[in-house]
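Each in structure tokens, the structures are laid out below.
Presented sequentially are two complexes of chain A, the first with chain B as partner and the second with chain C.
So, the complex of A and B:
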């Protein structure tokens, strides 16, 4: 009691607002976001669980309850869902494994290059950032044309230097090249900007101290820059991995999932199941399974990288 | 130049339409909403038609909204379920059957058609039937597009082809004649290199548009995508042999490029490197602007000699299900609007967008005699839409995949079509459950 009496702010508020107001106030501050959170997150999730357990069609008067049928379909090898969901999930995982290290490493590299006071620094920063403002359809058509089997620029160059042209878009495996290269080109600027901001926050005194101790470029990078950047690397890594798992537009426009579904992403397949096959229940069930995997992945990633950041 | 042309067309359209813009609806003033997906160069033509209708009919106001087709397919179930669907919606041939089967649309009875001044028998039979289901009609055709064969007259003449092929034998001879490699060698000659073609016979490519050539071939040979119960059967002996012919043109004959894309073939045809370019009629405008010396023919009977056949796409005016207590005057006005928009005068105007006529009376109009596609008009009855079963999407997806695999040489034709049929039938089984039958 004496404690509260000594807190002038508390007593002042108590006089003004009357008894008990402080119990409501914090919740009022939370209310705007809580409304959005319930309307756009909690309600859709709960409703989604309902949809995924019914033969759901808004146009029907009644929705037949099917329990876990759509979840079971994913583990029943005779269904198209089990075949395509896991195949497209594997495709997406492959894309993520290839593109995330590339995206993190190249954006860090670029950031280091344009962080230094070189001639035309702002120009280069702008150039690297600019592709990010294109829509996915523009970016996709651009790279599809560059890698076209017959008339693409890449093959024209290869022919000019005496190599055989490669049917990029029609070859399993190689069809990923335009998607990965295009994605790196398209999204690298954003990550680079994050790294630039973090680089600017590293105190110069650390480098000066290291120089006095005789450190050269590489040790300075290895033992000062990299550890200081660990939190931002965690952030960039997690967001890039999540974005990569949500691959949709690039493979839709560049390869349309081909050849023979080998570049179809899991989100593309879920969309196909929901809106081409009109199996909304099944699509929602897959969405949940995929969503839970993403949650687990993020949790693991945070644990590993947070530990790294502490140890470093 | 193009703007001027369009302007003239619109003036002509207004004149042509004015005669029949007066509708059959005599009730009190109502406002009806109209949702369509004509968002391209066809949009101003559609808007002009609606404007004419509104000016001539003081008691009906049509409020139109254009949005991409795909958005409509995703939204329509919600709109109907919530009871706020537009009064009139345009639905395409590949979607209409599933919306009918799911109960999103209302049937158009003989009395309805009569009230709207719609004469069913004036339309091409198969085209009108595209929106029929279980003996009832649900839509009236407003637009129709054909899969045709563009041909390069100069390149054909240069290679001594004087007649546009119509049979498989003629076609095979013509595509061989059109083909030569960069060293000037012809197919069959020693040293002919099919990987380095300078000019070639026919454009085949990997995507869904390319797969419509296989669709035409299968139907021409007496095959089909689905049997009478709606199960996929595009791996029948007739289907396999028809598709095999196309794949052999690529893999054995070397008269079409391997691993090609629609864009690459389109560019090649524009550059005069290929004699025959089967595709959607929608490229007409593009080739005309390029001042090419080209013609348009109906797909030759390359798959077999059973019948003429090609893919046809179409758009249909439909009336979505409405909630209890829906104003009967609105429905009457909607029918009158459908009668106007699908009528001969409007359809004649609509052909300026590159659409095929939907009815004989329009096809025989002297104004269309000089149209490049007029040579195709006599076989509009041989255009086959991919409709009739609510799960056509589940059939076409695997079919397009099968064509891609066969064309690229990833699988044998038999294997590709077998795999496609297996997948399609699994999807169909699930679609049946979903629809509760």
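So, the complex of A and C:
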């Protein structure tokens, strides 16, 4: 610090600068990030357009141009690409539609349970938050074991209470149960924390006023808590929906997409097309189509959020 | 704000009258206990299974408490010729650490001019880079993989560190925080002849420490838990990260659940330690501000 202070040239330049800083200084600060940004963000998007229009082979020097063939394939029902892409997109949509309301409702319920003081509150909060610290692979291995067809804990409990064990992972439709249950268990604590913060921000005077008017628990929840939580509910819903559409790890580890692709997510299929089938161009085209859908979804949700913010 | 000193803590920790509505809370308390048991059951089951010899894992009726507890599964997993779980932990740690340092540094020097300097194109550039948040990751997934291939970065830590370093959410976060720092502090330093670099390091960054720590924690956790990208860019067994290594074990030990659960337990330990450490600060923080229940 003293070094720069004693440097006459440096201070002189400062005075001339008027705004306090030399003209090129801001750009020098921005340069390192700008370089990496162009290399790792802008270029891959542009390069992706190129890749998606070529029959791309890693080991070839020159790539065969195919134009929009891979994009057309997705809209031509006779190709396996279109069949699997739309099926797995439907799977992912199904997962999102089932899991988002569940994830929002359970985390709100849990937050309400641990919001007011109670003996051991910190402990309960810690317990509900705990699963979220596990990586997706540990969580996946754990829930695959819980729902194991023969010896999983869920089937053991069912046998113990006199029910027939169910081959969860091998049954179409039922294979979603471990994925959804595991995801709820895994993410509930994080959403609960968001709800707790929002609950803490609701002014106590609203409840006091309602109590004077004779309101009981349910009306207070219905007409004060729920409306006051609307913005955070929207936020949790949006982030959870976007995350659910990115489903990959859970179905990869728990069911490996099975039985017969019924739990395969669209991202799983895209990577399969790219890396297992060596169709990098085709997979990139799918990535773009799916990416544009996510972009539209985000735009719609931003609009809703903006409207909601104006009304609030 | 209460000062973080033993005396103030003693004062706030003094119990006021306990709330007299305990009976009404009993059903809620019981419900919470039941939910806690359900929530902890999978983790308990994981640890319990990891301590059982292979024969007992499949025993029916199930053994809630291992009858013949053994550490054999842990021994087998830790000395497995198929891969080294400690090595994977180290890889994950090293990658997350380098990534975090590089990312936070880059975000800080980028957010600084965007928040504190006036220059042509400032807002334009800010919105340009910010708009990249809208691009879903899958769009650049394969192109970035192909770049890693041409850089010869496949199976090296570089592929796991550098592509994400230019993320912009951290820039947004730090910019918002930097903008809240009073201008006067900076002006005083300018009068003393301090350059922008000095101002950044001696004034802005120390004041923005909470934001920097938050960003660092999120960056570290994000890198540590990343699964899909390392799954595809790294396949050499000794270069794997912990989350991916664990699943390669899970493919080998498909039916050997004792070893699998030992693997999962070991993989959960670093996160658990970090959580317990953070939890202490969290509780202390709540206690010192008098918000303790």
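By definition in this document, the second predicted complex is superposed on the first by the 258 of 312 C-alpha atoms of A that agree within 3 Å, B and C clash if a C-alpha of one lies under 4 Å from a C-alpha of the other, contacts with A are read in each partner's own complex, and residues count from 1 in each chain.
Methods note: contacts are C-beta pairs under 8 Å (C-beta built on N, C-alpha and C of every residue); 3 or more make two chains touch, one makes a residue touch a chain.
It should be emphasised that the depicted structure is a prediction, and the values quoted were computed from it without experimental measurement.
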Is A:275 touching the first partner chain B, the second partner chain C, both, or neither of them? both
Touching A:151 in the superposition: chain B (first), chain C (second), both, neither? both
Broader residue contact with chain A after superposition on the shared chain, chain B or chain C: C
If we overlay the two complexes on their shared chain A, which of chain B and chain C does A:170 touch? Say first, second, both or neither. first
On the A-aligned overlay, A:58 touches which partner chain: chain B = first, chain C = second, or both, or neither? both
Does the superposition put A:259 against chain B (first), chain C (second), both, or neither? first
Where does A:220 make contact in the superposed view: on chain B (first), on chain C (second), on both, or on neither? neither
Of the partners chain B and chain C, which touch A:72 in the superposed model: first, second, both, neither? neither
Once the complexes are superposed, what residues of chain A are shared between the chain B interface and the chain C interface? 58, 144-145, 148, 151, 275
Chain C residues touching chain A - in the complex, by the definition given at the top: 19, 25, 28-29, 31-32, 35-36, 39-43, 45-46, 49, 57-58, 60-62, 106-107, 109-110, 112-114, 117-119, 122, 125, 129, 132, 134-147, 149, 162-166, 168, 171, 186-187, 190, 192-198, 202, 224-225, 227-228, 232, 242-244, 246-247, 250, 257, 260-261, 263-264, 267-268, 271-272, 274-275, 279, 283, 293
Touching residues of chain B toward chain A in the complex: what are they? 70, 73-74, 77-78, 80-81, 98, 102-104, 206-207, 257-261, 263-265, 267-268, 393-394, 397, 401, 404-405, 408, 410, 423, 426-427, 430-431, 433-434, 436
In the complex with chain C, residue positions of chain A that touch it: 1, 4-7, 10-11, 14, 19-21, 23, 25-27, 29-30, 32-34, 36-37, 39-45, 47-48, 51, 56, 58, 110, 113-114, 117-124, 126-131, 133-138, 140-146, 148, 151, 153, 156, 159-160, 185, 246, 248-249, 252-253, 267, 270-271, 274-275, 280, 283-284, 287-288, 290-291, 294-295, 298
Touching residues of chain A toward chain B in the complex: what are they? 55, 57-60, 64, 78-80, 144-145, 148-151, 167, 169-172, 256, 258-261, 272, 275-279, 282
